[in-house]
Amino acid sequence: MRVGVLTGGGDCPGLNAVIRAVVRKGVQEYDYDFIGFRDGWRGPLEGVTVPLSVPAVRGILPRGGTILGSSRTNPLKAEHGVRRIRDNLGRYEVDALVTIGGEDTLGVAATLSDEHGIPCVGVPKTIDNDLSATDYTFGFDTAVGIATEAIDRLHTTAESHMRVLVVEVMGRHAGWIALHSGLAGGANVILIPEQRFHTDRVCAWVTSRFRSSYAPIVVVAEGAVPAQGEMVLKDGSKDSFGHVRLSGVGEWLAKEIERRTGKEARATVLGHVQRGGTPSAFDRWLATRFGLHAIDAVHDGDFGKMVALNGTGIVRVPIAEAVARLKTVDPALYAEAGVFFG
Amino acid sequence: MRVGVLTGGGDCPGLNAVIRAVVRKGVQEYDYDFIGFRDGWRGPLEGVTVPLSVPAVRGILPRGGTILGSSRTNPLKAEHGVRRIRDNLGRYEVDALVTIGGEDTLGVAATLSDEHGIPCVGVPKTIDNDLSATDYTFGFDTAVGIATEAIDRLHTTAESHMRVLVVEVMGRHAGWIALHSGLAGGANVILIPEQRFHTDRVCAWVTSRFRSSYAPIVVVAEGAVPAQGEMVLKDGSKDSFGHVRLSGVGEWLAKEIERRTGKEARATVLGHVQRGGTPSAFDRWLATRFGLHAIDAVHDGDFGKMVALNGTGIVRVPIAEAVARLKTVDPALYAEAGVFFG
Amino acid sequence: MRVGVLTGGGDCPGLNAVIRAVVRKGVQEYDYDFIGFRDGWRGPLEGVTVPLSVPAVRGILPRGGTILGSSRTNPLKAEHGVRRIRDNLGRYEVDALVTIGGEDTLGVAATLSDEHGIPCVGVPKTIDNDLSATDYTFGFDTAVGIATEAIDRLHTTAESHMRVLVVEVMGRHAGWIALHSGLAGGANVILIPEQRFHTDRVCAWVTSRFRSSYAPIVVVAEGAVPAQGEMVLKDGSKDSFGHVRLSGVGEWLAKEIERRTGKEARATVLGHVQRGGTPSAFDRWLATRFGLHAIDAVHDGDFGKMVALNGTGIVRVPIAEAVARLKTVDPALYAEAGVFFG
Amino acid sequence: MRVGVLTGGGDCPGLNAVIRAVVRKGVQEYDYDFIGFRDGWRGPLEGVTVPLSVPAVRGILPRGGTILGSSRTNPLKAEHGVRRIRDNLGRYEVDALVTIGGEDTLGVAATLSDEHGIPCVGVPKTIDNDLSATDYTFGFDTAVGIATEAIDRLHTTAESHMRVLVVEVMGRHAGWIALHSGLAGGANVILIPEQRFHTDRVCAWVTSRFRSSYAPIVVVAEGAVPAQGEMVLKDGSKDSFGHVRLSGVGEWLAKEIERRTGKEARATVLGHVQRGGTPSAFDRWLATRFGLHAIDAVHDGDFGKMVALNGTGIVRVPIAEAVARLKTVDPALYAEAGVFFG
């Protein structure tokens, strides 16, 4: 039996840990052969492969990124995409696919499995932790750790200069990273995409913090938006070199706070450092266990399923269900954090 | 309403985060007063207190240890212990106690609450993660992270010198830290207290690792023991200064491996560094949420209960149930890790 | 004898370590009294003080920022600045000042000491390491460490997506942080303010890196500028909220690389995280030794002098000389790094 | 021209960074060929080689250990050692050797170069920083950083339990790691091999620290010894398995402190974690520059020389001089730290 493996979407610490666990257990326990497909769905679509064996996965557990490369290629939008995948799987004599990715990558896996009979098992991956049906996804803990360390560092600058520091963290549609790192870092305001924020209220919290002789840290998810009418984030105009101007919510908010409160404010946009580098111990553990259980699912012929974390155990759920809706921050959970605002 | 807070047992990263959350929410949402008791149950037993207020908990979130001090004092073994506690609570006009601790500290809280009507709410704390009824306890993730980083470092020494490195981690009765850090660190053998190990089998794994031109890392929990008859760890003899000789399992095992395989072997005992220092982001999040929910339980008059993590949510369980039995590593879970041995 | 202490300019890891060493040795060895002045030169100018004693400096060694606060107030530009400082020093019975700061703060100290007979001793502080007469300044090693860790993380993202990652680090006038972190992080291009860069050459390096199947990291100091005519960094225009648009060199360069090479490129601006948080061991050591030697200089009545690192020893140099010129990266040193470009 | 490279002695973070720099510059600037010798002097002695090229050194900059392996083989003590080395160099057509190592490895290089005309250039390596003629050696900063982080962590445990914590760090003959990490970590006592310590005085400092309501950290180099007559560290006796009992100075001291002061005391022996893992940014910088200058020395035909750090510059010194005497801690420097004791 030969199993193909691919990783799709944005890179995420822990991908290599999954690949290693899949291969180690597959070879040792089930005597499988493996083949790696390059760059997500581009691999099976275009027939681009890399050898995948026990020696190939040695030493990759602590390394970020993915040895298989990644892309956002959607084969369902490519001409004859399904047929080309089927042909390439046949050509390489691949009996099953382990697909590691987020909403998009797994959405394809669900369709291929459920509608076209191509045997896929899914492993959930999203640094934003916004995938339903699993308590956590790997990469998230690493990102929260990096963001929290940054917030720890920014506290000392804020205090020394009595300045507002706005930290923009990842999270386009869900505020999980902002909420966890904001709570862990002792932020004074946390803003998430799930609830439009009122800049005046943010300014009131900021001002109140200064009154107790401390300087505030505001953590804002990149996807957080102010209440209607307050701003146009991207005005679409271009600079003298023809580059479109982008002004992220972090920088916008820092300027607004400075304008409204009269206090100096600075923005820090953490960006890509949140998704790179060695995975945290938690993420290595989770990714490894996902890998072990994914290859078990292949062995059981349980296709169209995704492995998921449920409490401390790993379970299987239909991929289609898992990708059906985004997991966003519950209003009650967000309200819980409110006690620390201001 | 005045609430007393105490921390008992071994120190653990996240204790201060719990205290801060309890006080912040108690003051802000419920308008409570607080008083800190020093050194676990010694505080209410002997009437030793410290002021506890919002300013007192500022800046303690990222700090390890506990601002309240800790001890292993058991008031149930002290003369008139229960009466003295009741008297002191009366004297300081304390209406409820938030007790943060492990099996012993919480066992006392259960007895005081259930049998003597002294209103206690419990917050579980054990760096070893061996408390039932909660998915995880805070401190554990930090300890696993520190141990994993150490294992990462030891790999390079092992490879450079083609040497066996034995790492002894915490875990007297349960192998959680060994299992998690061993898996996350890519150890080649993991030994836990739950299953007696056969040194010959360990040596076989070690030898097999060398055959593929790599050097092995063996992670062993301090409470792991060899199969019967293999060793007497502590021989009770004394050195020339009257000190009893202690030889931990890590050092014993390194010597045995060297003796049996002929390969150089060294032991590293991580010790106290695993329990100190700033808590990981995960532990700060968990400890903070435990604190918020503990003070809610006080507000609800829900005494004799302990807060616990269940999946991603915080629930309440009877303290007495939680401390009734140790949570050890499931044999199936340990077997899962076996694919990486050797 | 009473000694005043102040910290001026941008905050920097190690300031608290200096303060602690000054006070600990001053009290213990010389039996001095201390007084802290708030917010750099604003303190003595406006007579704003804080108590400073052995208990006040306990536990501050590992903490970033400064317990005395900081500002960029220049008393020489204030009306009757010198007289007001002299009056306030008299009022608080201060016999000497330990002034910790960069070019500006120390420049004032030199003038006050040399021209007005106000007894000042200087301690050099600049995260950019661009102060003459000392091998290194504290804070620099911490900043380089943080930048290097970020570059380590970005490598994995660059490789996984075959993308160019541009990292903008601190360094307005000198490229020390870029050079050290670029070398330490294995960057493929390093750009510093001391030498205008040619974007076409940068693009050639980037392209060559891709040819060997790896993805490039470009480290650029915030003060690096392209060769004449290539760009106008800040166009002075405003967005719809009246905010002036700033486009840093990092983002500009990423866009240019993408435009010219056709490869995806992303910018990360590390910003304030480089200057906050706990100092590295090296910086704690250097800052502590600076503090010990600064109070020795006070004791020797050796005013107008600054402590400086020379090899492994601490020496004293005239402040006026030290601030006379900026320490920039030597072209030969920069050329040495060139072997790693491309 | 073909250059051989070898690494000898204990492993040390930064070895790979040296190798990479040597090869990168040698290939690119001087068009040299390279060959790696395995396991220090064992390689040229027994003719064991590995290929060494630009692809072979990719990605090794941040990795601890050495890709060439290491050993303590002394070819001068092997039969016909010099002749065998000369033969093997001839057989592999090696024109010069870059030898990276400590006192022993470099001592051999000096003899081979000076007395036998075998062209060697040296790169100093000792994690203990005890090599003369260079301000610092790479690996030392990493070790100090790891030890400092451990001390930071232990402070919180010491405070929470009002316990003495003794930390044993590396340093058999010189106290550099103890001195630097002790100062950086805010230790209350630092003990080094250069000065015999009086346990009673240590106990007095410990007691004084408790009087001001804090718990003490004692940092002790593994090679520190008490004043004559106080102890016999290793009694040479054996346990029931025939293992010789070793009781390090850290554990001995903790027991003695406990016995004499009545305060609980615990020892932590950091051990091998200090020498493994990724090098600090400073060490990567230093190691990289050593490598670049070592290959320059080869190119200049400047054999029998070692590269060394002098201030911020790299210089060349005769290897024979550098290894002639150990660099120990100056009594004046140690006295400087004394202000923080107690």
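All chains are identified by letter, namely A, B, C and D, in their written order; residue positions are counted from 1 within each chain.
By our rule, a residue touches a chain if its C-beta (ideal position, glycine included) is under 8 Å from a C-beta of that chain, and two chains touch if they have at least 3 such contacts.
Bear in mind that the values here come from a model prediction, so they are computed numbers and not experimental data.
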item: Maximum centroid distance from chain B, chain identifier (CA atoms); value: C
item: Distance from chain D to chain A - Cα centre to Cα centre, in angstrom; value: 41
item: Rounded Å distance, chain B centre to chain D centre (Cα mean); value: 34
item: Overlap residues in chain B, where contacts from two or more other chains coincide; value: 149, 152
item: Pairwise touch network: line, ring, star, complete, or other; value: ring
item: Complex interface listing, chain D residues touching chain C; value: 24-25, 28-29, 58, 61-62, 135-136, 141, 144-145, 147-149, 152, 180-181, 183-186, 214, 278, 280-282, 284-285, 288-289, 292, 310-312, 336, 339-340
item: Residue ranges of chain C touching chain A (in the complex, touch as defined); value: 10-11, 13, 15, 63-66, 69-71, 146, 149-150, 152-157, 159-162, 165, 231-232, 235, 237, 239-241, 243, 245, 247, 252, 255-256, 266-273, 275-277
